[in-house]
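What follows is a set of notes on a single structure, which appears directly below.
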Amino acid sequence: MAKVTIVGAGSVVFAKRLITDILSFPELKNTTFSLTDINQERLGTAEKMALRIVEENGGYAKVEATLNRREALAGADYVLNLIQVGMHQSTLIDFEIPKKYGLKQTIADTLGVGGIFRALRTIPVLLDICRDMEEVCPNALLLNYTNPMAMLMHAVAKSSSIKSIGLCHSVQNTADDLASYLNIPVEELEYKVAGINHMAWFLELKRNGVDLYPELFKAMEKDDVFSKDKVRFEMMRRLNYFVTESSEHMSEYTPYFIKDEKLIEQFDIPIDEYVRRSERNLERFSETKDKIERGEAFHTEKSHEYGAPIIHSMETGTNRVIWGNVLNTNLITNLPADSCVEVPCLINKSGIQPCHVGDLPVQLAAMNRTNINVQQLVVEAVLTGNIDYVYQAVMMDPHTASVLSLEEMWSMTNELLLAHEEHLPKFTSGRNLIKKELVQ
Amino acid sequence: MAKVTIVGAGSVVFAKRLITDILSFPELKNTTFSLTDINQERLGTAEKMALRIVEENGGYAKVEATLNRREALAGADYVLNLIQVGMHQSTLIDFEIPKKYGLKQTIADTLGVGGIFRALRTIPVLLDICRDMEEVCPNALLLNYTNPMAMLMHAVAKSSSIKSIGLCHSVQNTADDLASYLNIPVEELEYKVAGINHMAWFLELKRNGVDLYPELFKAMEKDDVFSKDKVRFEMMRRLNYFVTESSEHMSEYTPYFIKDEKLIEQFDIPIDEYVRRSERNLERFSETKDKIERGEAFHTEKSHEYGAPIIHSMETGTNRVIWGNVLNTNLITNLPADSCVEVPCLINKSGIQPCHVGDLPVQLAAMNRTNINVQQLVVEAVLTGNIDYVYQAVMMDPHTASVLSLEEMWSMTNELLLAHEEHLPKFTSGRNLIKKELVQ
Amino acid sequence: MAKVTIVGAGSVVFAKRLITDILSFPELKNTTFSLTDINQERLGTAEKMALRIVEENGGYAKVEATLNRREALAGADYVLNLIQVGMHQSTLIDFEIPKKYGLKQTIADTLGVGGIFRALRTIPVLLDICRDMEEVCPNALLLNYTNPMAMLMHAVAKSSSIKSIGLCHSVQNTADDLASYLNIPVEELEYKVAGINHMAWFLELKRNGVDLYPELFKAMEKDDVFSKDKVRFEMMRRLNYFVTESSEHMSEYTPYFIKDEKLIEQFDIPIDEYVRRSERNLERFSETKDKIERGEAFHTEKSHEYGAPIIHSMETGTNRVIWGNVLNTNLITNLPADSCVEVPCLINKSGIQPCHVGDLPVQLAAMNRTNINVQQLVVEAVLTGNIDYVYQAVMMDPHTASVLSLEEMWSMTNELLLAHEEHLPKFTSGRNLIKKELVQ
Amino acid sequence: MAKVTIVGAGSVVFAKRLITDILSFPELKNTTFSLTDINQERLGTAEKMALRIVEENGGYAKVEATLNRREALAGADYVLNLIQVGMHQSTLIDFEIPKKYGLKQTIADTLGVGGIFRALRTIPVLLDICRDMEEVCPNALLLNYTNPMAMLMHAVAKSSSIKSIGLCHSVQNTADDLASYLNIPVEELEYKVAGINHMAWFLELKRNGVDLYPELFKAMEKDDVFSKDKVRFEMMRRLNYFVTESSEHMSEYTPYFIKDEKLIEQFDIPIDEYVRRSERNLERFSETKDKIERGEAFHTEKSHEYGAPIIHSMETGTNRVIWGNVLNTNLITNLPADSCVEVPCLINKSGIQPCHVGDLPVQLAAMNRTNINVQQLVVEAVLTGNIDYVYQAVMMDPHTASVLSLEEMWSMTNELLLAHEEHLPKFTSGRNLIKKELVQ
């Protein structure tokens, strides 16, 4: 049966969800799970958790755990990536230094200064995993859950022969949100979605073939609906389409919401939101660990993540469609070829087959391009080792550019490069290489 | 419920198959079938046939029949095209005139002189149907079963706003053939297929993830296997891949098999095969008609045509993958953008979503391009009204070019243009326009 | 001999320059100049001016002047477009209304709110000229000098069969500037330039094959050099490349320089600069008119505009290279296909042949794309008549987005739409259509 | 001053022509010529010849000669490639073996079996030269004169960082031919040419802006004109356009002229023409050598080859247009991206800048594609080392396919692979690898 390797299995809560999902399919009950992490304590907890779920599901699956990543990858059919490079500590840096310069952030995991540095410290590790895979499981499929999704998958697609797909749940979650705003069962929604990760668009939204956008515009007029998703509704009002990531995320992908206090208040922008979430994640890990140690009852409910269904489709041939992040091989015709897009993908025994989308509405392609500008520069920085691209990525960031001067951006980037140094790739060229040394 | 219009419903045997397929789905039992044809007798038979199937399936569906095509199309959700312009009489011309010049053919419905003239007389009618659809059912999906598939769908995609897909059964049939040659249940075959209609390629052929091509090469060594499919096995020996259309078809898409008697004999090429099939079709219509008139028992078995499953997927949202013929929007990256390709398509409530394939192996792209050369010229001839493109299409045909001189090709084309005149589009430009008049 | 029609010939100063240039070529001395304008007074002055130049050049050329544009265009070989729709009055509106919202501008003729509305009022007139040309001189070449260059040429290329090229002098002027900063004769500079109009990049800058960028970075360190071109040097410091338009222009194409007073002061941004220039233009017209009336001596010096050399190359076959604005037929591979780019073009008897450039450095493509986002939306607004694209163009403008909230942008756009109404196209669709009516 | 290295300088007659051309430019009189060859005798003759020309041109230039290719290349600015791998002996094989199978050829240096094997033995040597250049003169421009042009330049562009251009004189020669058929001075012809090497098309042919094709069609009616260029006129009659290579070449790029004796006679096809030319080349070398040894008078007349003007333009900045063979970076939009096309190129200090052409007429693109099919397979064979592509290249050749059966093609290819073995690349994979061994 299939061997599923989970890299970063110490993300116990998310790993639990995926293992539960996989074992919910009878055809996958004999799966071998190979867990690996760099943190022994977390890996130990993950192993116990996995064994427990296997037991609750009849005991057919096999669990292995090892600190040796290469060993865990050897012979894998599927590799799930859940790593978080630098953990909470790096996240704090991502928020604190920009704040000194007056630059506020909400989630900072996708774009913006936070997203850029998260990518800079994560891409090298992910490419390292790919190098290992090329040697010990060259035909395995990499299913990535780590952010920033677009930059990571873009870097992998450009520099590794490993087949890969980036997975998120923002399409599913947004469908749930829309169903609730429209007061309709989510199963009745028919939709067409495409764009880039966290900024994909509901290009069509229908029930029984009838356009639901007029309803949604009406729903937005109600205060209780509008107040649940202010930024996304405001963007829909301007762009005519609803976007896949939440209001807190969307506010920092654009220059419209965080540049002054009045707007922050008007749109309820939760500054520093991810710092709080990151703290809660640490707590949840502790709680989960304690529960497992104490042998307490265990909540195992099937999620709507795409990972398990993909494995099921590839093993059994069941046709499924999921939204995946892949290289833009002319799938979205008015976004750059050199970018990573989120499009419907057919999954079956032939693997991942992304579907052709065509042109996005002009204004949506324009919004996506402002984000792709940043993404391309970050990927280029890592793949070429030229440090100038890091500064230029910051400079192209729509939110950062609306708040800081070029001089401030350069100083802030200098500081961040030093603060994150242990996790960053070794830069070898660029005019700014010298200046950085001077700062040191 | 959905309204399904069948244009050319007088193709009673095929129409019967599609109606049976549709009614085999419980969710489609209320379908309204609107039948139309230009032949009153055939339409009458089709109507009786349809009513009989409806009755056998519980009587929920509705049947309409009219000679007024526009009326039949009004408000349709799906339009199935089964027309055959010129019928048996035109087919005879397609074979007889070339034969006078020493040019033999087998099926003559896809490429070659026969395919070219079949396209020239069919495209104008099909575009006329599309014009009607644009007015009376602009959102309906056109499902085309008429040949030559690639040229027809190419012309529609280039000149109409109607959504369309071209459907064939060569992928399914070839899978059956391969299963029998390999002595394996067809359900166990895993394959990846792409190319152009009637010349698509089994790019992967596996069971349980293991490549079956070595087995197939071994099977070919056995005389009883080889003799069943000589041309396709010979082509596999040379190109390393198996093709989707039968040996009799394949022999006339290339310059390798019909250019001399020795080869015709060596590869058992059935010259004039389609003339015989066309005669049998006339007989089968008579038999079917008689049976219906006499109220005799009726054979209604579900087929493996894609038409009904597509309608089912679009109505219910069930994900399915089918091989469809669509415009090459960079789906196959080393075939021209201006061509019609056969690729896997995801079908669900969002309609037809063709999947990205990428590059074909170089030799397969090369073979496909020799056929696309002809197809583009035929489409150009109809869409521009320039008669020179007709002669040049004949000149580019690989089989014709291997047998005739340029002078012979021009004379033969002159004769064919005159013989088929009543069904052809009105040509308005081109150097050869004058010469043609001279012949008259 | 060639017939050269000048539309907007009332732009007397510029028309004088082009006529002088053309007559400086002996091979073009028999040119027929056909002048047209909507302003009788200006046209009269232009005619007298033209006759004077002809006289000074031996009297071989012929001059016609007519208010009937169609008559002027009939049989033309070259059409020079110099129109300015709305004149000084519209320019004032472009500056005054935004200023009420706190949005400052410098030139406002390329991008930003001013550029958007200049395009909205100019594209319809230019397309009207093209419609006339399609009928009365379908093979003539349109040489456009009116701004905003990129949007105008993009609209023409997308919707007319007329061959066209957009001409500017920013490449030549910037070469002069660079030569002076480097203290080198301009003839010794070797450069490779590409991008979009007013934001093209000196990709290579050499003398005798040796890179001059290190010299330029050194020159920038000198206060007297830096102070002459602060914004462009600052951008070079960040992006590593020098840009083709002046510091005053460049400051409003980006979000970095006008968003607060400190930056405006630091970089000497000349707010409202174009209002002053526009006033001076009116004065210069009066002076020129007076001189002509009084029969005073006349300054006729050859310029470095591309118009005359292009006509000379096309008439005589002399190979020349000029930088022209044309549709991006994969010339710059990492800018959108649906955009207008500025690239080297070969000119000879075969006409305009744009050269392939390839990928721009990633950061430069990113900067260009932020401007193309706006351009595409403006062109779409005019070609579709959908008013929403106007608001979305404003929303995508990098400078505007760094200063205003979405609500402010919408109000400002409402006001501008009303104030400019007489010159705008008739919008027929879009969600914002209703709101606009409400404002009225 | 510039260093020009001539590889294969032993092609004394051609080397003489290029050196003469270069020294005809005053600005290039100080050129250093570095001659290299693998044949000492020929190299010696070349050196003496070069010294003589230098002397006749004032003695400013410098001449070096060495058998050490790497030494000759070190520090070069321009590298002219004139090599002929296998010389006359290999040419004989290219003609003799196919003839045994009934396959006749005329020139056999571009396409067909002869062209394929010429490419197979030349590409490895040329790539080896490029490897050397990457190390000792990475910025030099490679100007290639060796055939088969398209396959060679395609292979170089796909696998080396060296800038390169392929040069031929078929455009210039054909212009001369056309001028003589039309009885017009060649300087008065205006033309637009594009396609692939030896099969590029006169897309426009004018004088004073007036189409000359009607004249050319009239001229063709005269027997004395037609008889000078039968194949090309016949192709023009069918395709409506004139092609750049001569009738003897063109006859073997298509399936229309050599497949039976009657056609060979009707069109005066000079079978084995190149064997005779190759013998004459050997004689001309002897004559030239003798003359040089005897110190006899020397014919040095400027040619119309592009090599020297390119060097002059790149050294002085003079704008020129030449037809060059380069990778198809969307220059001809309906030919494959993975091919080498012949298009107008602007030459100046910025180097080689190919111009955008757009779509060819459909029938011309179709003809080109039948040749590109073969070219891609040959390049793939060398770059991948897979022997199957060699057989498949033969199989795709239009002329070969019209004459031989697949079995005959395979046998003939087997024989040729053995006969040419010493010059061929080492093939490492492919189904036919085994069979070849069996033959041995």
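Note that the chains take the letters A, B, C and D in the order they are written out, and that residue 1 is the start of every chain.
Just so we're on the same page, a contact is a pair of C-beta atoms (placed from the backbone, for glycine too) under 8 Å apart; a residue touches a chain by one contact, two chains touch by 3 or more.
None of the values given here were measured: they were computed from a predicted structure.
What is the shortest path, in steps, from chain A to chain D when you may only step between chains that touch?
The fewest touching-chain steps linking chain A to chain D number 2.
What whole-Å value do you get for the distance between chain B and chain D if each is reduced to the mean of its CA atoms?
About 42 Å separates the centre of chain B from that of chain D.
Return the distance between the CA-based centres of chain B and chain C, expressed in whole Å.
That gives a centre separation of 53 Å.
Could you tell me which residues belong to chain C and also touch two or more other chains?
If we look for residues of chain C contacting two or more partner chains, we find none.
Going by the touch definition at the top, which pairs of chains touch each other?
A-B, A-C, B-D, C-D
Quick check on the complex: what are the chain A residues that touch chain C?
Residues of chain A touching chain C: 234, 238-240, 254-256, 259, 263, 334, 336, 338, 362-363, 365-367, 369-370, 373-374, 376-377, 380, 388-389, 391-392, 395-396, 398, 401-402, 405-406, 410, 431.
Where on chain B is chain A touching in the complex?
Interface residues on chain B, with respect to chain A: 190-192, 204, 206, 317, 319-321, 329-331, 333, 344, 346, 348-350, 353-356, 358.
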